[in-house]
Structure formats: structure tokens, C-alpha cells
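Supplied in C-alpha cells, the structure appears directly below.
The chains carry the letters A, B, C and D, assigned in the order they are written, with residues numbered from 1 in each.
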Amino acid sequence: MAHEYRLTVRGYELDSFGHVNNAVYFNYCEQARWEILRTRDLFDYFLKNRLILVVAEARIRYAREAKVFDELAVHTDMAREAPYLVFDHTIKNRDTGEVVARGTIKTLLVDHDRIPHDIPDFFLG
Amino acid sequence: MAHEYRLTVRGYELDSFGHVNNAVYFNYCEQARWEILRTRDLFDYFLKNRLILVVAEARIRYAREAKVFDELAVHTDMAREAPYLVFDHTIKNRDTGEVVARGTIKTLLVDHDRIPHDIPDFFLG
Amino acid sequence: MAHEYRLTVRGYELDSFGHVNNAVYFNYCEQARWEILRTRDLFDYFLKNRLILVVAEARIRYAREAKVFDELAVHTDMAREAPYLVFDHTIKNRDTGEVVARGTIKTLLVDHDRIPHDIPDFFLG
Amino acid sequence: MAHEYRLTVRGYELDSFGHVNNAVYFNYCEQARWEILRTRDLFDYFLKNRLILVVAEARIRYAREAKVFDELAVHTDMAREAPYLVFDHTIKNRDTGEVVARGTIKTLLVDHDRIPHDIPDFFLG
């Protein structure tokens, strides 16, 4: 079941055309991943084992503009596609229900020396 | 022939793991596009016709970490794949010559009312 | 009475030392100002009269580090000190009650041609 | 004698009003400090002794707007005002010579446990 991270678009996230800059959506998706780690107590596991999720590939398809004060939700599903841990993010406008953007972020779990680490089953459970 | 935009990685662009945050590479690619518009005098054409390039899809595959003070170059090619104007970015480390990341950014040329606008031939010439 | 804007520190807002980067606090304060404009229906007034608040001086004194997932509140008071509209921001950790930072942002209300505009009484009421 | 750090304003650094966002100037000043550390070989000293410069207070007075492609220079002087190491930054437009902003950043030199560390004479020499 998808994890949901809620946010309100901030004024300084707009670019000179008055809508959210394309790179900011990657920030939103990253924060959704941080929240998942926190919610599932994976954050402590990461710190203890000195693991990090390195982004191997990041892709977002933009469907609609987002503007300041828009109430958004990032819905996230995780899947293991060895060697990747893949996050599927769908960003929706919470007022209209419309999809604003869809993101696919492929990550690798590595230790402090950048050695790949297996993705434990309990990540996805 | 590819356009080249040179930059040095800044300290505040690093994330808590000490390497350039994944979203920052999209900033680098965006600036490469701004520089192309400037170099080809397209910037004035955009302002005069109230046109903007809207990002429809953005994808980066990361090959190597970048760290503070790394000297990078963003090499960019443009291609028309109707209705898109597609930018292919290759980010290289200028000291080692190694590829740091490859990006593909699909954009749409639209006017102020978000009406799609044909991509003039002189964009690519 | 102070306006309160609540936020949770995001992971990508950390710098390479693992705490919130000094410039990000200015983002937090800016968003607190956007929220005030929205709450007081000043946002529409700004758009209609093509007014903007230009920052003339920005200062923050940092008291404590903030880390990812810290629950913060930006408490803001406004005062007119002609020709400035001054915002006093106090950023607190909502769990500990401790002050994280104090900011003073002096702004000028200007129109689209950068001509100073009087600060209406209803801004402060 | 002042250290000089040169930069060109990037398009994504603009806010929705078309000029450089107020917080971005703090980024520029931070990068000027990183460059000083590098130029004076202090960067390695910091890494070896696990020292960091923590910002205790940051202030910028804005004089003129900066826009995309503006060629700026950050001129920086350092002074020891115990317990602080103070950086005075003057940001100028390199084409017009006009001052864009002046910044004063008070920093504390601390070790990894946040214990204050004396500021060596060779920092300033």
C-alpha cells in the first residue's frame, strides 16, 4: 500500500515563470523517501549499518503545473528490482485529485565504502 | 555540435552524505539550457514572443559521485522530436574525462497561455 | 499577536555537516511571510495592485542546530518602521520549546516599477 | 586583501519576481568562504582536524537586484573578533561595478563535538 507524504507548495520553490521548478519535484520525492525510512524505522537501521540509498536513476513526467499554496500528496510504492530498490511516486493535487507528476527513482543500497548491500525483506513488508 | 557549459561544484550543493544531491544535477542541466538560449540569441526571441520551455519529462542516470570543487562540463545536444524539443545532457568531470551523469530533458515550447508553439528551424541550426 | 507557521525539517535541506544549511532558514522565514499574506488575504491585494515585498535587509542569529525531522515553528511579528515593513521571526523547536534561530527581515513594499508604496494600516491590524 | 569569487547568476536562482531570491545571496557568500578555505589550503586542515565553521549570525543588506546572466564578484575580507571569525562580503556587478549586496557572516570554529576551537593566526595571514 502506498505511503503518503503531504506538503504545501512554498513560495520560494517557484521559478521565474511562477510555477514550481522542475528540480523541486525531485526534492518532494526525496522527502517522501525520507519519511518512509522514518515511518518504517529504517532510518535507525541505516544509521547503525552506515547505509545510504544512492540514486542511480531519477525520472519525472510532469502532467500539470503546481503553484504556491497548492496542497500536494506524494504517494509512494517501493519495489525490489535487483539490484535496485525502485520508488514509484505519484504526486497529486489534494484538492482536485489530479495527477501533477509521476516519478520513478531507482536507488542502490550501499554501505559507507559504496559497496552494494542486499535489500532486506523487511524493507518492503 | 554539443554546447558546453562549465561549472565548479559548490559546497552548499552537497547533501548530508557529502556528495552533490541528485536534484542539483537537474539544476546544472537547466542552466546549460539557459546558456544555450543566451548563446543562440534565443533568449530575446523567447521574451519577445512570451514563450517558455516547459519541462514535460526529466531523466538523469547517475554514473559517478560529484564532490565539492569538482570541475564539471555539461555537454548538450538538442533534437526536435515533435512535439518535443529534447535536450541530451552529458555531465563530465573535466579533470578525469569521466562521465558523471547523463540527462534527457523533454521540453515543450508554449506561449504565455500554455498554447504549444512550433519549434522554429533556427533553434537547431 | 504572532503568526505561526509550522514545518518539519526535510532531508535535502541538510548540508554536508548533517544540519540545516544556514541559507535554508531564510527560506523558512520567507515562507512564513507568504503564509501571513495568504492568511490575511493580502496575497490577492498584492496581485491586484502588482505589489511585491522586496527584502532590503535580512539577518538571522542562529542559536541551535536543526536536524532532519525536527518539528519547527516560525513565530512572526510585523511592525512598520517607515519606510520598512519589518518581520521579526523566531524559529522554535516545537518539541523542546527551545529557540533555534531569530530573524529580522526588513522589507520594502514596491510596485511593479519598483516605486515604493505606502504600507496600508490593514496590513498590521 | 580581499579574496574574489566570481560567478554568473543562474536561471533557476531567480524567484517568481524574476530576480535572484534573497536566500541565494547567502549561498553565494557561503561558496566564497569555501573558495577561501580551498585557496589557503585550509580545507585540508579542516578535514584533518574535523573542524567546521558554524554560522552564528548572517546578515545581508541588498542594494540592487541581480538578474539572470549578471556577472557578479563576491569580495571577501576575514577578521578575527573573538570568539568569532567574521567574513565581510561585498557582492558587486562586474560589468557596472555597482554594489549589489553587502554581507556580514559571523562564524565559530568548532570541532566535531561542537567544542569551540581557537582561530589559528595563519587563517588570516
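In this text, a residue touches a chain if its C-beta (ideal position, glycine included) is under 8 Å from a C-beta of that chain, and two chains touch if they have at least 3 such contacts.
Treat the numbers as computed from the prediction; the structure is a model and nothing was measured.
Participant: So which chain is the furthest away from subunit C, centre to centre on CA atoms?
Facilitator: So the chain farthest away from subunit C turns out to be B.
Participant: What whole-Å value do you get for the distance between subunit A and subunit B if each is reduced to the mean of its CA atoms?
Facilitator: Once rounded, the distance between the two centres reads 22 Å.
Participant: Determine the centre-to-centre distance between subunit A and subunit C, using the mean Cα coordinates as centres, and give it in whole Å.
Facilitator: Going by mean C-alpha positions, subunit A sits 27 Å from subunit C.
Participant: Using CA atom averages as chain centres, what separation in Å is found between subunit A and subunit D?
Facilitator: That gives a centre separation of 32 Å.
Participant: Two-or-more-chain contact residues of subunit A, please, as numbers and ranges.
Facilitator: Where subunit A meets two or more other chains at a single residue, that happens at 11-12, 17, 21, 23, 27, 30, 68.
Participant: Linking chains that touch, what shape results: line, ring, star, complete or other?
Facilitator: complete
Participant: Considering the complex alone, what residue numbers of subunit B touch subunit D?
Facilitator: Result: residues 10-12, 27, 30-31, 34, 38, 68-69 of subunit B touch subunit D.
Participant: Over in the complex, which subunit C residues touch subunit B? Could you list them?
Facilitator: Subunit C reaches subunit B through residues 11-12, 14-18, 21, 23, 68.
Participant: With touch defined as at the start, can you tell me which subunit B residues reach subunit A in the complex?
Facilitator: So the residues of subunit B touching subunit A come out as 17, 21-24, 26-27, 30, 52, 54-62.
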